[in-house]
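For reference, chains read A, B and C in written order, and residue numbers begin at 1 within each chain.
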Amino acid sequence: MSAVPQGGRRAAVLAQQIRESAQALATLEREFPDNPAAMDYFYKLFHRVYCEGERAQPEGTLVGTTCVQVPDEIVRAAGGIPVRLCSGSHAFDQAGADFMPAKSCSLVKATLGLLQDERPAWLETLDRVVNLTTCDQKKKAGQMMEDLGCQVHHLEFPPSKDSEPARAFWRASVRDFVRAAERMTGGRVTRTSLRESIRAVSRAQAAYRRLQRLRAESPALLLGKDAFLVTNAYFFDDLERWTGAVDALVAELEARREAGVSAALRRAPRILFTGSPPVFPNLKIPVLVEQAGGVIVADETCSANRMLNDAVSVDEWNLYDMVDAVADRYLKPCTCPIFTSNGDRLRRLLDLARTHAVDGVVYQAFAGCQVYEMEHHSVSRALAEAGLPCLYVETDYSPDDVGQLSTRVEAFIESLRSRRRRSR
Amino acid sequence: MKRLRAFVNGVDIQRFRTWFQLFAFVLLVYSGYLYIDLGNSLPVFACGFNDAGRGGVCYLLPLQHQTHIPWESLFSWRALGLVTGFLTFFAWLLVLNKAWCGYVCPLGAIQDWMTALRRRLRLRYSVYSLESFTRLKKVKYILLVLLILIPFAISNPVEGLPHVPEDMATPFCTICPARMVIPAFTGDFSQWTLDFSTVTALVMTSLGMAILGIFFVGALVNKRFFCFFCPMSALQALFSNIALLKLRKDGDKCTRCGDCYRVCDMQIKAIADDVERKILIEDDCMMCLKCVAACPEEGCLKATFMGIPVYEATEEGFFRRQQRRGGE
Amino acid sequence: MPEFRGALPLAPLLLLPALAAATEPLWFSDLPPTAEWTEKTLRAHGGLVERGRGGVSVKRLWLRAGDDPAHASYLPMPAGEVVAEGPEREPVAPKPFSAEAGGGIRFEMPEEGFYNAYLLSREVRDGTLETRVVKAEVLMHSCANGHDRRFTEGRMPPRVTAGVPFELVRERKPDEDFHSRAASGEPIAFLALNQGEPVAGAEVRLISNTGWGKTVITGPDGRAEFRMVRDYFTDWPEFDKRRRQDYLVLAEYRRPLEGELDGRPYAQAHYSATLAGTYYPAEPEYQSYLYGLGVMLLAATLSVGGVYHYRLRQRRPERRETFDEKA
C-alpha cells in the first residue's frame, strides 16, 4: 500500500465520521420535541468537538484512556487530562477492521480506527494512552496502539474482584500507575493534587447523582438519549464546566417538575438499559427505544452509570490512603462482565429497576463482545425471576440493522404497554 | 423534621465522635475529682486503678473480683454481687450497644488520638491479612474465658492440680495496658512498675509492661490495635444482638464498593461483602459509624435506636463530607 | 502466722493472774491465739473478720497484755467499761466473750468505715488516779459496697469518742483511703488527745513485733511522728508482700489533779492509752520502675523492628509467600 491512497482513505474516514456525527446530533436534537434548554450546551459541545474538531479541554497533556476503570483522579493529579478514547463511530469502526478480526467488538475496532493517522484535529497531539487489561480484545488492542505510535501504559487489572489478593494486586497496579502517569505527563502526584482531583471528580459525581435521582421520578423528566449524551460528554469535556452544565440541567429539570412539564408521558414504559455501552454517535438503540414511546430512566453501562456512580471514599487524606482508596473505587463496585463472577451486576440491575420503577430492560450486546453475550443468560434469568421483561439486542455500529431492530423494539415497548394496562 | 434529619445525616461523624470521645474521656478519667461516680459495671475501660480521677469503673475489674468466689458461695447471697454487677453492665450495654467502644471507651479514645498523631506524621497504617485477622480475633474470647476462670480457680483449688497463685486474682488487669495508661493521665504512674514480690507477680507485671510497649507501637501502626484483643469487646459481642442501638444494612442497595470496609478501623469485611444480613454488628465492631458516613448509597447503611433511624447513609451527606473533609 | 504461734505455749500460763509482770499494758488485737480460732477468720481490708448472720462482718478483738506484740499474752476480759462507736457515731454494744485461750469483745460491723472500741478503767492506787484506755480502731470495708469517694472521704477522718478521757488517734495521710495500709519505712503519726484536746508532753512509744521501739514526747499539738522500721529482710523466693506485722503504740502522761474516787483521795492523775495496728512491706521494697520501663521499652523496640521488617518484606512482592523446601 502506498502512502497516498492510504492518506486519501483516511481523510474519507474522517469526513464520514463528521457526517455521521452531524446526522446523529440532528436526530437527537430535532426529532424529539421540547428538549431542555440546558441540553443546548451538550448539543453544541458535541457539534464543536465531533464535527468541527475543536478541543474541549483546557491546556495540558491529554492522556487517552480506553476504559472507565482507569483511575481518572490519578491522571488529573499528575497534571494530565484524561480523555476516554472509546468511540461510537461507524466510520472508525470500519477503519479499525484493519487490525482486528471482522467479528470483534465495534467499540474496540472504532477506538483503534480513531487512533490512526488522520485523527480529529483536537486529538492530533495525543500519543499517551492508558490501556486497561480487561477483556481480551482491549488487552490485545493495547499492543496495536503501540504499533500506531502511542506510548501505552498497560494497566493490569485482575480477572476477579472478590478476593483480597485481587484487591492487593490492583492496589499495587494502581501504585505503579501513579509513577507511570507522572512519567506520561511530567507532573507529580502530590497529596494536594490528588486530594483536589478526587474532590473535583467527586463534585462531578454528586452532580451526576442529582441528575440520576431526578430520572427516578415519574413521569420522566429527561429522555435517555439526552442522559447518554450528558454522560458521554464526560469522556472529553472540561471537568468543572461539565459539572456546571449538569447542575444547570438539574436546576432546569427541577423547575420543569414544579411546572408539571415532563419529557415523556406518564404511561410511557420505563426502560433500564444495560450491556454494551452506547457511545455517541452510536445512540442507535436508545433513540429507537424512545422513538417507540419508551423512556430510558436508568442504565447499567460503562459509558454512564458505571463510570460516574461509584465514589472514592478516603479515610486519611494522605497519599498512602488516597491512592488505595482510588484503586478500591475502580475495582470493588465494578460490574463489568469480565470478572469471574458477577452477582453484583445482577443486584445492581435489580436495585436500579426497583428504585426507578422500571417496566422492562433492554440489553445491548455488541456482536463480538463475548462477555456481554455470555452474561445474557444469567441476567435474563434473574430479571425473569423478578418479573422484568428483557429485550436482548445483538448489534454493532452499522446502520444496516436499524429497520429490523426498530420492529423488535417497537414490539417490545408495545408489549410493555399492554402489560402495564393489564396490571392495572 | 426532614431538614433536621438531613442535617444529622450530613454530619461529619468523625468530628462529632472526636468531641464526644473527649467528653467521655474527661467524664470517665477526671470526673472523680467532682465526686461523679457511674458505678463499677461500665462496659468500657474506665480503669479502676485510676483511683483519684475515675468517674466509674470498668466492669472487668469487679467481674474478676466477683468470680473469685468458692463454688458453694455461688448459690448464696455472695453471688448477689455477681448478679447485680452483670445486670448493671447489661443495662448499660443495652443502651449504646458496641458504641461504648467507639464513642466512650477512654482507651479507645487514646488509640484514636494515636491514629490522629500518625496521620499527622504521614505514616501509613498497617492492616492484618485476612488470615491473621481471623486468627487474632479469637484472642479476645480466650482472654475473656481466662479472666473468669482464673479467679474462680483460685477460690476453688482442684485436688491434684497446682494451686493458682493469689497474684493472679485480677489476671487481665495485670496485663491490660489501660492499667498503666489511664492512671497516667491523672499523674499516677504507680502502675508502671515490675512487682518482684513473687515469681507470678513478676511474670505478670513484666507481661503487662511488655504489652504496654507493644500497645504504644501497635496503636501507632494499626488503627484500634488493642480492640482486636479486648475481652470487653468479646463480652459485649455476646449480648450485642439484643441491644437497642443497631447497625442495619439494606443489602439490595449495596454496590459492594467496599468504601465502608476500607474506612473500617476494625477491618470488618462483612460490612461490605454481606448483602444478606439485615443487622450487621460483627463482634469486632465498635459502632463508630464511619462506615455509614462512607457509604454513598442512599439508605444502605443506617444506625437505628429502637428501630428509629438516627444516622443514615445519604448521597447528599456523603458528597458534602467528601468536600469538607481533608482540610488538614 | 508465726507471730502469734510463738505465743501459744505461753498462753495458758499467762491466764494465771499471779503473773502480774505480764498483765500490763493491755491492748486489743485481732490476731486469734490459736489456729483453731484463726480458721474462723477471713481476711478483709480492715484486718481479720468473721462472717456473721446475713453476711455482716463481725470483728473479734482479743485482749492482750505485754509490751512485746510478738509475745504478748492473751487474757480474759477484766472488769471495766466497754464502749464502742460505729462510723456514724452510732453506739455499738460489743459482747464480751471468753475462750479457753483468752477473751475479748466481739461486735458486728454493718457499716463501712472505722469502728472505735474501748476498754476503760479507773482506779486510785497510791494516791494516783490511774486511768487506762485500751483502744482499737477497726476498719470495715468491702469492695462490694463500692468506692464512692464522697462517702469514703466523709468517713476517713479519725474520731474521738465522747467520754473517753485519753486516747491515741492515728493521723490520716492526705491520700489515704479504705485500701491504704501502713508500710515499713514510711512515716506514721499519732495524736494523744484528752477529750479531743491535744496533750503536750505525753510519752508515746511505738513497738514493732520484731522488738524495735521508739519513744517520742508530744509537742503542743499532741502529735508523735515515727518512721516505721524496715525490719523485713528475706531472700527473694520467700518474700511475701502481704506479710502482716503488728505494732503497738503506748501513751501515758501525768498531771496534778486532786479528787476522790470511791472514797479514795488522789493528788495526781496518770493516764495511759494503747492502740495496736498492722504494717506491711512498702511497695518500693518490691516494685521497680526502672525494670518496668526497661521491659516496656524493650517490647516497644522489638515491635518497631518487627513492623519495619514486615513492611520491608512487603515491598518485595515475590518474597511475600515462602515455601517449605524440606516438605
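Details
Note that in this section a contact is a pair of C-beta atoms (placed from the backbone, for glycine too) under 8 Å apart; a residue touches a chain by one contact, two chains touch by 3 or more.
Keep in mind that this is a model prediction, so the values were computed, not measured.
Judged by the touch criterion defined above, the protein chains link up one after another in an open path, with no loop closing it. Located most centrally within the structure is B, per distance between chain CA means and the overall CA mean.
Using mean Cα coordinates as chain centres, the one most removed from chain C is A.
Mean C-alpha position of chain B lies 40 Å from that of chain C. Measuring from the averaged C-alpha position of chain A to that of chain B gives a distance of 46 Å.
Separation between the centroids of chain A and chain C, computed from CA atoms only, is 85 Å.
Annotation for chain C: no residues touch 2 or more other chains. Those residues of chain B that touch chain A in the shared complex are 119, 122, 124-125, 129-130, 251-259, 262-263, 272-273, 275, 290, 294, 296, 315, 318-319, 322-323, 325-326, 328. In the complex of the two chains, the chain A residues touching chain B come out as 162, 164, 167, 195, 198-199, 202-203, 205-206, 209, 213, 309-318, 320-321, 324-325, 328-329, 332-333, 344, 347-348, 350-351, 354.
Of all residues in chain B, those touching chain C in their complex are 32, 35, 37, 39-40, 51-52, 57, 62, 65, 77-78, 81, 126, 166, 189-190, 192-199, 201, 205-206, 209-214, 216-218, 221. Considering their complex, residues 54-55, 143-144, 146-150, 175, 177, 236-237, 239-242, 281, 283, 286-289, 291-293, 295-304, 307, 310-311 of chain C touch chain B.
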